[in-house]
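Before we start, here is the structure in question, set down as structure tokens.
Chain naming follows the written order as A, B, C and D, and within any one chain the residues start at number 1.
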Amino acid sequence: MNPRKIVAELHAELVRYGLVVWTAGNVSGRVPGEDLFVIKPSGVSYDELTPENMVVCDLDGNLVEGEHAPSSDTAAHAYVYRNMPEVGGVVHTHSTYASAWAARGEAIPCVLTAMADEFGGEIPVGPFALIGDDSIGQGIVETLKGHRSKAVLMQNHGVFTIGKDAKAAVKAAVMCEDVARTVHVARQLGDPLPIAQDDIDRLYDRYQNVYGQRSPR
Amino acid sequence: MNPRKIVAELHAELVRYGLVVWTAGNVSGRVPGEDLFVIKPSGVSYDELTPENMVVCDLDGNLVEGEHAPSSDTAAHAYVYRNMPEVGGVVHTHSTYASAWAARGEAIPCVLTAMADEFGGEIPVGPFALIGDDSIGQGIVETLKGHRSKAVLMQNHGVFTIGKDAKAAVKAAVMCEDVARTVHVARQLGDPLPIAQDDIDRLYDRYQNVYGQRSPR
Amino acid sequence: MNPRKIVAELHAELVRYGLVVWTAGNVSGRVPGEDLFVIKPSGVSYDELTPENMVVCDLDGNLVEGEHAPSSDTAAHAYVYRNMPEVGGVVHTHSTYASAWAARGEAIPCVLTAMADEFGGEIPVGPFALIGDDSIGQGIVETLKGHRSKAVLMQNHGVFTIGKDAKAAVKAAVMCEDVARTVHVARQLGDPLPIAQDDIDRLYDRYQNVYGQRSPR
Amino acid sequence: MNPRKIVAELHAELVRYGLVVWTAGNVSGRVPGEDLFVIKPSGVSYDELTPENMVVCDLDGNLVEGEHAPSSDTAAHAYVYRNMPEVGGVVHTHSTYASAWAARGEAIPCVLTAMADEFGGEIPVGPFALIGDDSIGQGIVETLKGHRSKAVLMQNHGVFTIGKDAKAAVKAAVMCEDVARTVHVARQLGDPLPIAQDDIDRLYDRYQNVYGQRSPR
């Protein structure tokens, strides 16, 4: 499928799961076989997103195709694609519960089996970083390189997630907010029970290798 | 009605009441008169569920009909059907508030008349159990056998509910999250008032025997 | 408009504002000029409600018209109509935040101008009462007679609201949950500031007499 | 576009983001080039709003065009337009989280980069003021004059937001509730980390001057 179409349509999942308001948040996806990625245009509402108004950037974040300015978070996406060749999709949101953990600069502890499945442990916190240069991208990459988690809570800011493609990154964003909310709610009335590290390891291994349909769909 | 159609359509109730995100959660229903049950395929999104892509398994959880792999929770459903012949439907979700109680390993106390009606007392906690063998199924059955509650909070995991058919199990899942949320909210600002055991008994007895339309609908 | 149609359609507002799940909750409305009221049938889902399947009862709660059994809360509605001739509509829900206050047996303090407008002060708590006789109806009437509030939190149960007609009672149910939630959220992080009694009085007087469109619509 | 149409349609955003229930809340927008503004009629439901039933008032809040009574908050809107010539739109809601901060009379601290972007610092609290004269309008103007924030939490009441046009004021209302909720959630489990003042200044400056599409759209 057309990468512009895939990326445009995946934004609807951010809306469906309540991860974004107004024009905040964005999805990008690598163009297969090229040093390019598709990303949301800046400041355009979710209702107006179409394959046609998506923009295409090179891995330095320069606009290559498109009539709109790229998302103001483009530099962070570009930095991730340049430095993590295995990443095919990036998502950024200010989803409520994940951003609340980020505002306290606190990692989300792994106390749910679904979290062990998807993230393989805690969801870590990245540094406070200002928009405008590579600081945010660097913070994402330094935190996620060598970490099982595909989500990072950027301090006082929001969440970035990565995946093998744009859909996997969107899934990580959806699951991140879901576990951020459940663990928050659990913590409101006491301490969640820990899960032993080797149980986390077994769950993560199984989910990454066994879950879902084996045949390509 | 066709059991595949019933089970496929009931998944929409999990979405409607916000009990699931992405592909998590599943409904199954016994095929009347046969040692088989219909269940959700693994890793397929809720938008794509149809009677045709539901899968049919035997009571050992082996795939009997269907082109997709069955839900990764199939073994737990199968164990329940094998060991609780009165059960005609099983539902599994990671709904937020119920899973939060499960993360603390804490039963939901019966402090609402609607909870006495539907569950006849507290909603109990089942053991921590890993996916991959019969541990989850055993935990569900050991907790719910001889208990009025049709819902069990599996520690650090989520909820399983049972019912005389798939619709009743879905209702229990919806009501479980509703009371889990209300009791959570009540507890945030103090202690809910207890309901006397004999009042719980009277409410449970009445609701199980009097509520709803008498004639088949 | 046909009273069955009015009552059937108003149930959609309970769904829209998230006040009900599954078949819980009900709206009733007096039939103008007759000792009768229209109410929801018992155990029928919100999607299936039509003017035709609404049922009509007399003021003792006996079924007068309709093919379904009336709501299991019919006796409470009937008691209110018998004892409060000024009431033309009654609504019952287990909406989350209002029911949480009810579970603690705690009145909602009047700390919002919107609450002063609609309820004229705190929303009071009624007694714990079992379904099956006039206990619930008596608790509602004893609490609301001579009280400005059109909503009562029945202990460990849920909310009943009244109004000059069914629409006004539905509005009270919507506003009750809205203020129950806002005051709950305010209290989670400290003490809301009180509003002086004479300011509450002025707001209530103005809203009851000035707000909205003067001409009938 | 027709100012009545713009204002009528923007009300749908208040509904979409859950900022209003029943008939509460309102949007107004200045008529370009005239001493007039368009505002919601009083007590009319959101489903029934059309360009035709919007009303037009002069800057003293007198009805100039329209068959309905103007919103009961018209005097506050008019006062803002009279005293802040740079303002082209005003929005009022009782959105849950913002109103909860308002009920405690507590400003929302700037602990999120999105908040620095949009509001340039904390969201301040305005005085308790009764409806019926210019008190509310004065409280809004005194609080927001010379403040970066385009939102004010009126004590025990709700939120007023301003913007260069009605759409910008609606955006501020949406963002205000979003950050009110996230900061609330963050505070429930501890203290959010502060953002240094000069970082707030840089973020605010960049967002006001760089974000979005440069060309008119």
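As a convention for this text, a contact is a pair of C-beta atoms (placed from the backbone, for glycine too) under 8 Å apart; a residue touches a chain by one contact, two chains touch by 3 or more.
Going by UniProt, the chains are A, B, C, D = L-ribulose-5-phosphate 4-epimerase.
Predicted model only: the values in this text are computed from it and were never measured.
Counted as hops between touching chains, the shortest connection from subunit A to subunit C is 2. Most remote chain with respect to subunit A, judged by CA-atom centres, is C. As a whole-number value, the distance joining the C-alpha centres of subunit A and subunit B reads 31 Å. Work out the mean CA point of subunit B and of subunit D, and you get 43 Å between them. Subunit D has residues 188 in contact with two or more other chains. In terms of inter-chain touching, the protein chains here make up one closed cycle, each touching precisely two others. The residues of subunit C lying in touch with subunit D in their complex are 17, 111-114, 171, 174-175, 178, 181-183, 185-186, 188-193, 195, 199, 202-203, 206, 210-214, 217. Taken in their complex, subunit A has these residues touching subunit D: 21-24, 41-44, 68-69, 72, 94, 96-97, 99-101, 103-106, 128, 130-132, 155-158, 184, 187-188.
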